[in-house]
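Below are structures written as structure tokens.
The two complexes that follow have chain A in common; it is paired with chain B in the first and with chain C in the second.
Then we have the complex of A and B:
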């Protein structure tokens, strides 16, 4: 039928934006669709990976999740209260040791922590090293202006220098963030998520909330799948170049569509729950029991917390 | 905007946790009634939705991409208190499982993103969409305005929490213990980014999604409004009133900071900083001194309590004037397209 007059339309012959090369041959950024797909699948991948680590037989994996949460919160507060960079460094080293003892590869653990927040923190903290942002005693003078310099209403001072206070503050800040983030990552990696959620009951988090959190966690993966499907479908239909305006419409449109799907799903799930006997009061199995090693762990944490805070006050 | 652990002191973090307890209690109380109905899975799925859309890349004019948080959007669709729970749940999961935002800082993040953002955004949306027909342009515009307000309120609170670290927590030698920037640096930096760019991204996303819903799924936008209308009229303003009351109580906290707000120097302070007063400023500064100059009551003898009382009084007066103006504006504009 259409064998003779068929010709490929002009817009289909253009290279799609995802080819990584623009028409004038320069590399260009990957498209919004592409980047969102990779972000979504990265979230899926990393949480599956975490679950696998949590199932290994390591030191932290064997500790009762309730004790582990309480212990880690105590340590987080201790880390928050410490002033000495040396003690902070020691505590950070301790988290790497704990990771190794919990069969988490130290290389992976260090990379996972540092690629994330401390590096970003390091960039944020940079300006505060200088005396024009945060006053202090000059440690290294970079540029002596020779006279007071004004920038509009601001008095910049007579030199640009890295201050002792700025450097100390930056080291303390980055180490503190690294140690805190390491602890949080350890908790996530060493605990299976249903256990982590059930352990929230220690804090008297109402059962309904725990139910909602656990349902949310499940639905996140469902919605991540749905969103990935929408974006993949869009990508596979994409011939030619889409403008940012079109992309914006697509992204917000898919948010709206996702919202509609979520709503419909919510109704169906509720109907399914009611027909299985849900009466508004969720029930959970409680299979936690404290063992000797949990008490030893708790004691170690308490002693460590007191020791580091005490030691910190003695050092000054 | 998620604050990681280590950025704020445990003292601040603890205080903000304590501040969130009554909020969660209220939200839980309201939600219990909702949960008896068919909303438990809806809240869960709403939270999952919030989580997922935070991962969507939005193309921003200029070639980069940004993220939206969607706090106001969720509040517009689910109602403010359900949104508080949904966002809290999303934040808990982000902190516990994905390392986004700290565990100690969770109270702070829940206050900023989980409470201030949806509630502020929602009530601004309500005010601007008062009497607007469902599906009208004013509805999606109001959602955008609400989102802009919501994210900026959240950003401001975040900046204040981070800024007090630089000002108040340092070693004896003056080295910062937590985030090193003071209020005068953190607040302008944060607000410059949010007032100019991030706020508009959030507003545009919210408006476009509401616009999409108006065309394809108008029932979703009606659901929250209908359930609101079914309840008593006066009750719906109660949470707003409580929030404002709390803010009035907290206003004198500003007295703790001795320096004047950034950009709000009086002529005397400018003389101290600059060594001179710009001529034009001196000329106009005296023209209007306000009814209560420097928020002081007439006959203020300088006792500390008098300062606090004057501040609270000024806050009430200011709020009253703003409310009155808003009411008048809404009355004037509402007459044009009242729903049948």
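Then we have the complex of A and C:
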């Protein structure tokens, strides 16, 4: 489209005011928002869906995905039935041991899991600690009102305290979540993504549902990838330091563009999959086949589930 | 890759119409993308689809791959109309996907598997080939495109030339009779572009029907026997032997495929039509 009259305006011809490359000692820091987005993208990639970990020759990696799903499901149900914090703690420790045996660094694994736990537990657990929400024997009194306090028709009591019942309940709940999240993370870390999807189909999880999971997975990566790119592009245009406020405004301002972009790309990815025969039925070259170790694993899981549930009944 | 998938549809012989595109129009919400386009493609033909940015090339290819369907008019492939309804038939859809392969303009959209190897295996697997054959085909395709060293790498982090090769490999492994290529050389270095052009020529020589959307006139000249020009009004502006179309400066100029642009020669500026198709020389006329 080279127009005959195209001419470069005067200001574009001038050199930048300070054309020299010099340092002024001030550091351009990467902002919180920027770090959060690329951190989130990296964390998701490496902690939940790391193909590298799934390819390591560890214990869980060698178990048939179907057995793994069934076994972990059994353990999840057991965890839901158990009330003893000691047994729950033991189970949680067991998941860390499993991680180690599957060549997942325990430190890394524990850190990753606890990153997610506040997300699931915080809102639910916090209020139930206090006597004004859930009455019980005070463990630590935070504030003595000196008299009964009413909030409208409700009697709040004469003090604000953390109760023994509340604290025990919270510990049990957090341990339950920790053990469950650990199992879920172990499953996704130790199983290649296509195999996991295919195993879900074996259990007659509806095709549409598997399709949605599979597209969500790709979509999250597209979205995070695009977000990282947009920040990089912006940084290259920014000379100085951007304030957190500017960062936030950039994020809210570009959210629409980002969603639009990632949606368009997501649709294109889906079209490309359909073009090569995808119809919602995941297929892999791995023909699932049960080996001796799968049966041993299944037996261990069954025995463990019975033992912990029975033990819990005896203790409690 | 010589052996083909003879599933469904009439046998294709030299000269049979693979595609019949009749008065097809298409618009995205408000934007028009194709307007009353009609042409036929015969089996074994190598066709270049020329047009400036936004003229509707990608839209047309997506329609020929039954990913979108005409707003009006019809597209028939192998004698069967492409419609949402016909593609819902599992038998037809499987046969169609085996017979037609599409290399997208945007490799990032096309590469979604955890590793190069799985990316290439995706098509054959989902088109229900035997596991042994899938492996054979993937190995062969990896070899043809020289991707051995990338087998286990995730495709997202490759260079754009490597991505394009993997995208092409992922389609070639299906061994389709018809190849739809959307700007296969755009943004590639000359060496990779040249490699892809030669490969395209060989595929055409091997009897594949190749339809290449491009603005790269040198590529069109090299790979296509016939060319169709889409104008900026989204209509067919020309259709004929590639040599004739590519020699028609008037046509190429009006479709914005070549441009007048200024050159400076020893302080003198002048304009002349310029295609980058052949090197142009300025003799002593100035």
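The rule is short, and it goes like this: the second predicted complex is superposed on the first by the 177 of 316 C-alpha atoms of A that agree within 3 Å, B and C clash if a C-alpha of one lies under 4 Å from a C-alpha of the other, contacts with A are read in each partner's own complex, and residues count from 1 in each chain.
Here is the rule we go by: contacts are C-beta pairs under 8 Å (C-beta built on N, C-alpha and C of every residue); 3 or more make two chains touch, one makes a residue touch a chain.
Small disclaimer: the values here were computed from a predicted structure and weren't measured.
Within the superposed three-chain model, A:51 lies in touch with chain C and out of touch with chain B [touch as defined at top]. In the superposed model, A:277 makes contact with chain C only, not with chain B.
Judged by the touch definition given at the top, the superposed model places A:193 against both chain B and chain C.
Look at A:117: by the touch rule set out above, it reaches chain B but stays clear of chain C. When both complexes are overlaid on chain A, the residue A:136 reaches chain B alone and has no touch with chain C. In the overlay built on the shared chain, the residue A:232 is in contact with neither chain B nor chain C. After overlaying the two complexes on the shared chain, residue contacts for A:269 are found with chain B and with chain C alike. Measured by the number of chain A residues touched, the leading partner among chain B and chain C is B.
By the touch criterion stated above, A:170 is placed in contact with chain B alone, chain C being left untouched.
Shared contact residues of chain A with chain B and chain C: 193, 265, 269, 271, 273. Residues of chain C that touch chain A in their complex: 62, 65, 67, 90, 93-94, 97-98, 101-102, 104, 106, 108-110, 112-115, 118, 121-123, 125-128, 131, 134-135, 154, 156, 170-171, 174, 256, 259-262, 271.
Chain contact summary for the complex, chain A toward chain C: residues 1-2, 4, 51, 192-194, 218, 225, 265, 268-269, 271-279, 281, 283-285, 287.
Across the complex, chain A is touched by residues 4-7, 9-10, 13, 28, 31-32, 35-36, 38-49, 51-53, 55-59, 61, 63, 65, 70, 73, 77, 85, 89-90, 92-93, 95-99, 102-104, 166, 170-181, 185, 204-205, 208-209, 212-213, 216-217, 220, 270, 273-274 of chain B. If you check the complex, the residues on chain A that touch chain B are 29, 32, 35-36, 39-40, 43, 46-47, 50, 72-73, 76-77, 79-81, 83, 116-117, 121, 124-125, 128, 133-136, 153, 155, 164-166, 168-170, 172-173, 176-181, 184-185, 187-188, 193, 196, 206, 208-209, 211-213, 215-217, 219-220, 222-224, 227, 244, 247-249, 251-260, 262-263, 265-267, 269-271, 273, 280, 316.
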